Amino acid sequence: MPILEHLWIILALPLAGAASNGLFGKNWSKTIINSVGIGSVSLAFLSVLEAIREFSLLPDGQVSFFKNYFNWMAAGSFKVDFALQMDHLTIVMLLVVTFVSLLVHIYSAGYMAHEEGYYRFFAYLNLFVFFMLTLVLAANIVLMFVGWEGVGLCSYLLIGFWFLKQSAINAGKKAFITTRIGDFGFTVGILLLFWTFGSVDFGTVFAKAANMPAESATQAGVLTWICLLLFAGAIGKSAQLPLYVWLPDAMEGPTPVSALIHAATMVTAGVYMVARMHALFSRAPIAMFVVAAVGAITAFYAATIGLVQTDIKKVLAYSTVSQLGYMFLGCGVGAYAAGIFHLMTHAFFKGLLFLAAGSVIHAMGGEQDMRNMGGLRKQIPVTYWTMFIATLAIAGIPGFAGFFSKDEILDAAGSGSDAHLTLWVLALAGAGLTSFYMFRLIFLTFFGKPRFDEHKVHVHESPRSMTVPLMILALLSIVGGWFAAPHLLGKTDHFEAFLHPVFATYGVPAGLEQRASLAGAAGEQGGIFATPAMELLHAVTGPPVVLAIIGLLVAWWFYVRRPDAPKKLAESVHGLYKLLLDKYYVDETYERVIIRPFLWISANVFWHVVDENVIDGTVNGVASVAREVGGQARELQSGNARSYATWVVVGAVGFTVLMLGVWGMVR
Amino acid sequence: MSVVPVSYYLVLSAVLFGLGVIAFVFKRNIITILMAIELMLNAVNLAFVAFARAWGQLDGLVFVFFVIVVAAAEAAVGLAIVIRIYHNRQSLNIERANLLKF
Amino acid sequence: MEFVTQHAVLVVSLVKIVILLFLTLTTLAYLTWFERKVVAHIQSRWGPYYVGAHGLLQPLADGLKFLFKEDVTPPGADRFLYILAPFLALSLALTTIALIPFGPATITILGQPTQLIVADVNIGLMFLFAITSIGVYGVALAGWSSNSKYPLLGGLRSSAQMISYEVALTLSVVGVVLLAGTLNFNEMVSDQDGYYRLLPFIPRWHIFPQIIGFLCYFTSAIAETNRVPFDLPEAETELVAGFHTEYSSFKFAMFFMAEYANMLTVSFLATILFLGGWLSPFPESWTFLQYLPAVILLGLGVYLGYDAVAGARGIARIQLVVITCGALLLGALCLLPAVMPIIQGPFWFLLKVGGLLFFYVWTRGTLPRFRYDQLMSLGWKLLLPVSLANLVGTALWIIFPLLVKHG
Amino acid sequence: MSLPFILFFVFALISVGGALLLMMAREPIHSALSLILVMMSLAGLYLMLGAEFIAAVQIIVYAGAIMVLFVFVIMLLNAGVEERTDYSKMAKYAGIPLGILLLLDLAHWMAHSLIGETPANGAGSANVMISTRELSMQLFQKYLFPFEATSILILIAILGALVLAKRDE
């Protein structure tokens, strides 16, 4: 059946699942709920595959498939259709979203087995999938915004899933409100976009934008503003500086949620959006630089915080933030493909990391603090190995997925047309730190002596439904990057080539054009590495790899060889340690600088002054005026029917005189 | 045999209507006021019939029927209300039934 | 004189009115005598006997008595209305008779076609009802104006009674109107001419298909005229003499006559509507029947003559002789070929009316009086629904063949 | 001055006089009777206009039913002389003049109405009586629905009157 013609089916499936589970699931057995939830997602995945097959059959000239289903709203020239589109970028996202969420669903079946509101959880998950797919498939920015907000909503619901836990509730609120701040920018961006191009359709907008000249790097034009505003939304959604604060707290939610929403899919929506909007971004150098800078700084900054965190999920959260930073850096320097590539690989290994962490927590009976773990290597081998693979991947050890993608980003940042040395350095440092804190996590968790009471905690391997997804993801974390492998031998990067048509469509400036096809790009970068072999050698012994190895060794030294060393170090540089441990006091600063004044103003100005005096005053004033007028007018109501009768006669006389008089005149 | 022009009837009906209106505001007794209303209705009926004859159409007469029916209904309900008022206030003077005011 | 030639119609109807008025008043007077006699015989009494032969001069004597009685007007009475009421009652009662046809539409008197009816209106029935409906005012005003509580109660009662029974009366007649398809008395009567095809010996009088209507009609007619057993307005036991308690002398007589006039009217109407008016129940072929009036009159004359010779004494004998002569004379008159065709219609008509009047008196002689609530419930809860049902049934009866014909 | 004119003026005078009497009389019962007088004379006018059925209905329903109801209520409540209070200044000073003004205005325009001169009984020779048959055709075919509606109305009126007048024990 032609899925491509009916892309809406892909959306409808999870929505149906969500609806049925959410409405009727309360009285259903876990089996039914599972079959509905997982079934709908797997069907969605299959239909995505089918859609891709059909897409591949399209004539070569056609870059994207567009279909308009119905007119959603129309106000004057402002017209929004419910239209979906599909191109290579969408395909990547679709695959990642549906597949990862499928795995997470399966995983959740095991992980949440003993939870209250099981049906609720799956309904939310399905709903999330629906909105994420909407976001990805949307053919205009308004519809995209719908998905954008929808995933935000689901994130809120799922973070606060245990709504009896105050911390969970607060975390949910925090996530929602913080992203709102970004979304405000996003909304204004949309308005500006419409005001500029007179349309919200991607196709139209990009086509118009393609005819505009690239703006100068010195002063900002309208494109720059649009991009910056949209990017504000991305900052909120993808937890970049300065709005990243909600993501660590979001770890209050169930671990599968963290894996799916706060690592693999939702948080990458910002990156996707930037990549989708490349036609605008690549014409706004300032915006590009901002993106890159924010990305790089965040990457480094979050990594530093990650160094000292003790909660296993918090570490992963900060690492997510920093990895997202890498993706933005990639987009910022024009290597969209690299950004998306990293997005994909990151989805694999970070999802895996979270799931594995979840498995660890499961095994430890809810314990999240790494200081109370250790030596789990033997008890839960599957978790251990998969997690180790993921760590290798994220650390960028050659041969694993993360290596390729991160290498491309760094490469672009360091030697690209829009390269910035500082950013490159930051990113490199971040890479080193990443490798350090990830291995720190591994060592603390799985090596050394158990630091918990083994009689109390009964460590056990997770059920099959949890381990199988781990294995699958582990496999992907290894092979997921090999599209790009030939690149190291100076051949084409398949992934990039696959996405090339998308980024080539709207007359992208020359600098990126070269990047897009990397065949022989290395040759230009410096004559010294002439042969493929040298190229490969250079790649695998490049600075990132070196730093990664260093990080590994340092971590090993600190946490396996000399377990007491960290404490000493911490005491020696106590200030810095404290600073990092308290995450640079960002939350406290926000509390003081923004929230408290805001509350104060709301209470003392808007409530006691504006509301009580101005608004109430107006309303009461109107009321009292009406009362006065009525009090005067009621005198007419004498209660004496004869007076009323006389008034009626007055009316009759007036009417007859008027009508008949006029009539007579006409006559 | 010469016949009376329509305008005679019309003027008569106008006069009757006017007298009805005057009685309507002049009388104090509720029953009489209802009668004044009946008088007005009758005047209107006369005009109806006169017009109907002048145009040589029957619709006017049909409307007279409806007017009569409505008058009957009005009288029935009105008089029932009058009885009510009398039971409550022991007076038929409309100016004494003046509680329904500000 | 040329006014007469100009408006011959007016003159003729004037003459008719005079004659009819004379006849009617006389009839009313002797109706009282008739009633008293019949009731007396029902109660096995003799009734009026001494004033004239068989008390035939009794009505005269009563009239004189009323004339010479003192005319009292109660203090605080509303003078105008007090006087108006009886006049209203009587005049209205008499007016209705102007609408009644006593004979066929086409007969010739003195060579020119004449109708035995004063006013042949297209919608005579409607006008008759119109006038009778005004009759209430006589009673009501009488009760109100005499400024006394018994009359007031009586007036209230009787007006309520008349209003309620008027509804049933009218409705019970509508069935006949549907059958006849007209409101004109002449056409109604001529509609009842002939016999039923299946039962050739039964005349096509409306009483046969409309028997229910007839019963309803007559019951409510008795009530409408405030006769026994529905004569509550003058229920002596409860409120003296009802609305005319305060009336004396000739005003009272007027009410009295009005009542009897109403009886007449109602009987006339019944005859026209249900009993085929002036039509003879027997086929045209029986020509010998046209001697019937003469025969009856002559027979009466003979009987009276015998009575004069045998029974009576003194003045009574003289009277009887006079009456005998009159009867014989009339009988002879009826034998004249010029008069015979004219007399046929009125003869049958009056015969039927007389029967109805006898029935009236009969009921009075036999039935006890109803209670007021019984009266009302009978009117509203029995007669009204029944006559309505009768109306609907008749309508269906008429509609059905049409439906069958036109699908 | 031919017969129709004489009749017309007689009836007109009676009706106007009745209306004035209705206004002047202090006894409600007198007002009622004068109103009946007006209705009678109107019935006569209807006859002159050839609407005999309307005339009959006028007498039966108005004079025979509605006014009887009025008289009945007057008798029931023993309504005596009307007291001429003047609490309503509005009615006292403005009422009568306004009424007269309305009367004159209407009369003026009626006198100058478009069809003023057309002979009053119909597009035909003198004294054409409207056949009741045609009238009923109109009533039961063209105006069937309004007819039914009015019957519903009168039913509701009856119920309302019952509920209102019922003595509440």
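Per-chain numbering from 1; labels A, B, C and D assigned in written order.
By our rule, a residue touches a chain if its C-beta (ideal position, glycine included) is under 8 Å from a C-beta of that chain, and two chains touch if they have at least 3 such contacts.
Not measured: the values here are computed from a predicted model.
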item	value
Chain occupying the middle, per Cα centroid	B
Gap in Å, rounded to a whole number, between the CA centres of chain C and chain A	106
Intercentroid distance (Cα basis), chain D paired with chain B, Å	6
Whole-Å gap separating chain B and chain C, where each centre is the average of the chain's CA atoms	36
Separation of chain C from chain D, taking each centre as the mean of its C-alpha atoms, in whole Å	32
Numbers and ranges of chain D residues touching at least 2 other chains	53, 57, 65, 74, 76, 87-88, 91, 95, 98-99, 102, 106, 109
Residues within chain B bordering two or more other chains	21, 24-25, 28, 95, 98
In chain A, residues with contacts to at least two other chains	638, 640, 642, 645-646, 649, 652
Contact graph of the chains (line, ring, star, complete, other)	other
Every chain pair in contact, whichever chains are involved	A-B, A-D, B-D, C-D
Partner chain B, residues of chain A touching it in the complex	634-635, 637-642, 645-646, 649, 652
List of chain A residues in touch with chain D within their complex	638, 640, 642-643, 645-647, 649-650, 652-653, 656-657, 660, 663-664, 667
Contacting residues of chain D [partner chain C, same complex]	27, 29, 33, 36, 43, 52-53, 56-57, 59-60, 63-65, 68, 71-72, 74-76, 78, 129, 131-132
Complex contacts: residues of chain D adjacent to chain B	2-5, 8, 12, 15-16, 19-20, 22-23, 28, 31-32, 35, 38-39, 42, 45-46, 48-51, 53-54, 57-58, 61-62, 65-67, 69-70, 73-74, 76-77, 79, 82-85, 87-88, 91, 95-96, 98-100, 102-104, 106-107, 109-111, 113, 115-124, 126-127, 130, 134-135, 138-139, 142-143, 146-147, 150-151, 153-154, 156-158, 160-162, 164-165
Footprint of chain D on chain B - complex, ascending	1-29, 31-32, 34-36, 38-39, 42, 45-47, 49-56, 58-59, 61-62, 64-66, 68-77, 79-84, 86, 92-93, 95-96, 98
